[in-house]
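Letters A, B, C, D and E mark the chains as written, and numbering starts fresh at 1 in each.
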Amino acid sequence: MAKRHRHLQRRPKSTNALNKAPGTVAYVGRKESAEIKVEVIDYNKVNYERFIFDNVEATFKFENEEKITWINVDGLSNTAEIEKLGKYYKLHPLIIEDIVNTNQRPKIDEYQDYLFIVAKMLYHKENGILEHEHISIVIGKDHVLTFQEADGDVFNAVRERLTNSKGRLRNSGPDYLVFALLDAIIDNYFVVIEEISDKIETLEEQLFTAQPNDDITFEIQELKRTVLRIRRAVFPLREVISRLEKIDSTLIQEKTLNYIRDLYDHIIQVSENIEIYREMTWGLMDMYMTTISNKMNEVMKVLTIMASIFIPLTFMAGIYGMNFEYMPELQWKYSYYVLWGFMILVFIGMILYFKRKKWL
Amino acid sequence: MAKRHRHLQRRPKSTNALNKAPGTVAYVGRKESAEIKVEVIDYNKVNYERFIFDNVEATFKFENEEKITWINVDGLSNTAEIEKLGKYYKLHPLIIEDIVNTNQRPKIDEYQDYLFIVAKMLYHKENGILEHEHISIVIGKDHVLTFQEADGDVFNAVRERLTNSKGRLRNSGPDYLVFALLDAIIDNYFVVIEEISDKIETLEEQLFTAQPNDDITFEIQELKRTVLRIRRAVFPLREVISRLEKIDSTLIQEKTLNYIRDLYDHIIQVSENIEIYREMTWGLMDMYMTTISNKMNEVMKVLTIMASIFIPLTFMAGIYGMNFEYMPELQWKYSYYVLWGFMILVFIGMILYFKRKKWL
Amino acid sequence: MAKRHRHLQRRPKSTNALNKAPGTVAYVGRKESAEIKVEVIDYNKVNYERFIFDNVEATFKFENEEKITWINVDGLSNTAEIEKLGKYYKLHPLIIEDIVNTNQRPKIDEYQDYLFIVAKMLYHKENGILEHEHISIVIGKDHVLTFQEADGDVFNAVRERLTNSKGRLRNSGPDYLVFALLDAIIDNYFVVIEEISDKIETLEEQLFTAQPNDDITFEIQELKRTVLRIRRAVFPLREVISRLEKIDSTLIQEKTLNYIRDLYDHIIQVSENIEIYREMTWGLMDMYMTTISNKMNEVMKVLTIMASIFIPLTFMAGIYGMNFEYMPELQWKYSYYVLWGFMILVFIGMILYFKRKKWL
Amino acid sequence: MAKRHRHLQRRPKSTNALNKAPGTVAYVGRKESAEIKVEVIDYNKVNYERFIFDNVEATFKFENEEKITWINVDGLSNTAEIEKLGKYYKLHPLIIEDIVNTNQRPKIDEYQDYLFIVAKMLYHKENGILEHEHISIVIGKDHVLTFQEADGDVFNAVRERLTNSKGRLRNSGPDYLVFALLDAIIDNYFVVIEEISDKIETLEEQLFTAQPNDDITFEIQELKRTVLRIRRAVFPLREVISRLEKIDSTLIQEKTLNYIRDLYDHIIQVSENIEIYREMTWGLMDMYMTTISNKMNEVMKVLTIMASIFIPLTFMAGIYGMNFEYMPELQWKYSYYVLWGFMILVFIGMILYFKRKKWL
Amino acid sequence: MAKRHRHLQRRPKSTNALNKAPGTVAYVGRKESAEIKVEVIDYNKVNYERFIFDNVEATFKFENEEKITWINVDGLSNTAEIEKLGKYYKLHPLIIEDIVNTNQRPKIDEYQDYLFIVAKMLYHKENGILEHEHISIVIGKDHVLTFQEADGDVFNAVRERLTNSKGRLRNSGPDYLVFALLDAIIDNYFVVIEEISDKIETLEEQLFTAQPNDDITFEIQELKRTVLRIRRAVFPLREVISRLEKIDSTLIQEKTLNYIRDLYDHIIQVSENIEIYREMTWGLMDMYMTTISNKMNEVMKVLTIMASIFIPLTFMAGIYGMNFEYMPELQWKYSYYVLWGFMILVFIGMILYFKRKKWL
């Protein structure tokens, strides 16, 4: 039990962070590392280049109108570098704050020259742990900036498709790239909620097979917590995509709208599934109560049957264990056998009684 | 328990499917078969013809303005053929994706020249299993395309009415045909939720007659899952039909609107019934808890009565089984009879006590 | 248990009915009878006449502009007659379908020349059974058509007031007559939900007085079902009346609007009461669980007290029933009395202990 | 239990009342009394007069434009008098009906020359019983009519402030008087829900201290009922005041609007508190279940400890109570003492076992 | 239990307070103190001054257009002083009433020359008690008035930043100061709900480790109450900030809007967390029920095993304790050893039986 860790989204307790002025750029996540990894993918219909840098200045030269530049920053704890990048791309201070504030809920903000989207990436790391990662996306005229907490994400498929010159991705604008990224994020939600479904099934089976024990209670409670956390990551994104569809911005081309509508369909589907798993998870505790009660019922039946059969028989034996001088039965030759006969009759009677009650 | 299968709508886990580009046509259902069956019904007020083909090219010759062509495709795993048909009819790539993506939730999309509707067909196969089938409908100017996963559907009544030249169906446009198809789908929902009602009644009776056992708990949980799945198939269709009623499209004639409103009434009615069955199903677990508790109460009463009666009597017998040398009662001639008398009094007293408490 | 009958609103299972074309007139209720009873009340400020016919043709002569004609049809299974009447009054085929489809939920439809209202009449028949009857109302320029499943309704008070020339009813138009009919229907809802209230009180008392048994569980579940059914009959009517108030139709005179608003007040009041009874009914199962647990607690206490007192005493008696040759106490003259004394002390001690624990 | 009385708002069962024509004036409350008490307070900035009459005609002379006349009628069963007053002030017949129909839910109706408000007065009578009283308010150009069921209300503070010439009340119009009356009603809601809070606390304490018994279950259910009743009295008033704020009527002066907004704040606050008490009350049943289970657990522990200790010991004693001729232990001199030693060991072992399990 | 204190927001019971005229300034909180502490911070880009006074008159001289004046009043019971201040700043009487009415829920009111905001400050005092403090904010053209119940607040960080001439705070208007104050209040909500999260974890652990006892039940109920109270303080503030964002007032500069939007994000986040903690808290009672049941199950198993093993053995011993003259086994030399063998077999059999049932 000591290894349980559950951290709901929290802003830090330290006086320091709480007293900071709004717009102050302070990383609040748990993935501290001074290192920053900047990946730049610069592409258009005909060209494709990919670079990895360890500082943001290197990315400044990629600004050109003929190519789309996707700058992906891994590592948010080196806030100085992120501020530098932000300044170069003229991002509002509050955006910089939101990029590093890993507690920021999914949202979309419109600014003059760019759109700003916050989402949560959910995926299983190799060790099976559910990763809950903060991701920010800035869509500009000819560039897309993405910021993540750590190395490792769900975008490999997008990167692969970018290397392939024939796909729709290479022929479209930054809006389509953002669509592809969001699509990758949402596709992974399906995998994650699948795990929830598996966990529910496993628990259901445990309820029936395992002896009642508090670990199951605790696992159900943990599962509730996980479902609620996933829900909080997913539900606000629904509104984000809904607004993205209706946004009146030159950054989103009309032909991309169909794809965003498709995205909206998917996120709704994820939400519906989450709600179903939520209902199922909440039902588990009730199921558990009935299985415990059933098991207790069985225990009580064994006790009742044993006691009901042998207590009267013991009483009979007790009667003839008495030491009264005048007990006529004691002298009679067949008493012992008659008593045995009677006891067997009582025994059979009880067995039949319990059989009729269907307790046996 | 090994035979339990419950699959909530899921997108496939394979990296392959998840990494696919949006608009990629990939069948994700469980009804794999390379075969495709194409049924064409070409009709107008005076003519009626029906053909079965095993490829989509054969259907291309049916385009003519005087007749309404209903092309029904069975089998979605041969995506190449479906793409061919889609190209011929100029369907948007996302529509082709949705046709074969059996996880797509019910929806309606408006395009320039056609309307696209996704719905879920629920029906019981001959072996009694609930079939949950993905169906897509494309309404064009003089044709209706329908796509299903497998052979076997709920449209036989519609086919029959089409052979009959006098019905409203033959005298109306493709919009009325679509209405008839949706009506057939929704009519089957009534049959399906009827089964739920029967299942609830069966479970209720089992609760009272069967000994407490975990199978009932599990069946209740299964029923919850089924109700939630049906709900997910039905509820989005409500919005689809609501939007169909309000749509401003030349494809829907005004005289058909009254029928669509009627359809809306029916789907609302299905939804209301599902909600009622949902409440009843959720109530089953509580009912079960009370019946288990009642049964345990009964078990406890038997134990308590047996023990309360015989434990004091056994004690009395024990007293006179003691071997003290000086126990005056042992020598008295009538002790044994007096003790029996006293024991019978105690016995009767206990019986009366339990009778007064209404435990007997 | 064999006599339980609960039928939620269902469309028939027969292939026949399901495969019917929309707009097909098929009676789906359970009150089959070839007979039809047509009641005509023809009135204006000065005249009043009432006739009973057994066919609809007889009613056709009543069309005149000076008088208001109320045609009330009892019996929906003779659909041919109803279609005849529908044709004469130019009713849309879907309306005819809804008139005989007893599963149609309450609704209001506006047509060129008439308004069409569907409602559910709830009332207790003489044998105490709750009648759930389908009623359709057509409001024309100078006539009102009402269709019911069976003889016997809640309109007698309206009929009586019509015979009385001084009332507002005789001086107003068909809209006021319809208001009076709806008012009669809603007034009966109050009576019906009153019964629910009584039933809840009866069950509450049973919970406390009766021994735990599954019949109560079942009755609570039945009551839930009844409340849900009444709710489904009443709630849609709320929307009907709300729309009736806002409708822009020459058929509803402005001075009647105040009365419809009043009607709306009443139906809201019914709905509020239903919601309260719903909460109370849902609470009954929890109440039942606590009373069962209380009763089990009492049973357990009796067992525990009896066993805790006599098991140690029996042990003591057992000790001195042993046959060891060297047991000094056995020979001592006062052993027996001392032991009795000790046993009585133990007995009193236990009693005091249980008294202090408040179990006695 | 025989004295329980809970009456949800009901319209009377008598055929008479149900069959009455709409607009018929019939008192349906439970406070029958032929007497009527009419209180008139006639005031303006400089003058103040107060009269008590026993008929309504006496009030007719007070109509004048310079003074505001507040006519407060106590007693609704003398409907003739109320109709007389209604006719004099040209009230719509439906208003008269609502004034005496104590089941009418809170509402506001706008008429040409006056506003009509229905509310529920909740207050504790001297004997501690919660009074649930119907009150109707008519706001005219220079008069306010209020109708109550019985003598005794929450308006004494308003009356007192009216006698004081300096207050805002004397310097404002009838709208401000109505505001003051509603404010007095709502202020009393705070007192009433306070009682609910106290009752919840009392019940919580009882749960822990009292032995499980069904009275607590019943009291919790009663409390639920009370909360639901209060809720029904309060919630519709929220809408009433919200509409009063937005109403476009010359009867409400603009400077009064700030006060009405304040009133709205208060009623929202009452509603929020009711919802909190509702949650707490609903939680009581669950609390009770856990306390019962805890108590049963304790009972079971005592039984288990007593039985587990003494049953094996009794068995041992039983062994040496056997009468076999060849039992070597019986002859051995120290058998008895050794057995005692062994028994004491077993006893101590059991005690330690239960201590380790923390059952002791 | 005697020290439990839980006070839901209440208006006072005293007749006095209830009968007061609206707009009457009466302090209703629990922090009585005649003292008033007035803190004035007068600043602009270049200057910064801070004063502490014990009366409000001293603040009147600070009115000047070049500097922003923040007047913070600690102590609301000296209503005379507050009225004086209110009069000087021309505040509406209802505002003065709301400033001292600590039960007023969070709200925003727009007036001609100022905005009025009510919020609730939640913070932990040094002794660990959750402080629930009423705070009112008035935003004027060049001044901000804040009113609190007691000394000690969450604004120290704001004060600190004000002393620092470089921050955004010194360069912005009163609207930005108000934003900073609200931000400080909301930041503290995060700390407070963190405590709730910790409390939930503590309780969960207690559920598993502690013996069942009613204190846990009570603590869960207390936690529910706390969550509901926090919810009531936080949720209305959401609407306040939402309206603040949309307000059309010259008092709020456009560049501040981005910050207010950020604030809105934070309050939404707090609300979401509260809802999650609410779900978790409500789930605790169910968890507790299952852990109690599990514990009872264990108790029952011990009893059943002990009784099932020893009761039959005792019966056997009882048989051979009987004193019949003709019991052949008694004389047989090996009877005693055979019986022991049989008893050991029965014992082992029972143990195996319980092992197979997994009760051991």
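Here is the rule we go by: a contact is a pair of C-beta atoms (placed from the backbone, for glycine too) under 8 Å apart; a residue touches a chain by one contact, two chains touch by 3 or more.
Molecules present, by chain and UniProt name: A, B, C, D, E = Magnesium transport protein CorA.
Predicted model only: the values in this text are computed from it and were never measured.
Where subunit D touches subunit E, under half of the residue numbers in use are shared by the two copies, so each contributes mostly different positions. Bringing subunit B onto subunit E by least-squares fit of CA atoms involves turning it by 145°, to the nearest 5. In whole angstrom, the spacing between the mean C-alpha positions of subunit A and subunit D is 43. Mean C-alpha positions place subunit A and subunit E at a centre distance of 26 Å. Multi-chain contact residues of subunit D (touching two or more other chains) are listed as 286, 289, 293, 296, 300, 303, 307, 311, 314, 318, 321-323, 327. In terms of which chains touch, the assembly is arranged as a closed ring, every chain touching its two neighbours and no others. Ring order of the chains (start at subunit C, first neighbour subunit D): C, D, E, A, B. The part of subunit A that touches subunit B in the complex is made up of residues 156-157, 160-161, 167-169, 179-180, 183, 187-188, 190-191, 194, 197, 201, 204-205, 207-208, 258-259, 261-262, 265, 268-269, 272-273, 276-277, 279-280, 283, 286-287, 289-291, 293-294, 296-297, 300-301, 303-304, 307-308, 311-312, 314-315, 318-319, 321-327, 358-359. On the subunit C side of its complex with subunit B, the touching residues are 1, 6, 8-11, 13, 15, 18-23, 92, 94, 97-98, 103-105, 107, 109, 211-214, 217-218, 220-221, 224-225, 228-229, 232, 285-286, 288-289, 292-293, 295-296, 299-300, 302-303, 306-307, 310-311, 313-314, 317-318, 320-323, 327, 329-331, 333-336, 339.
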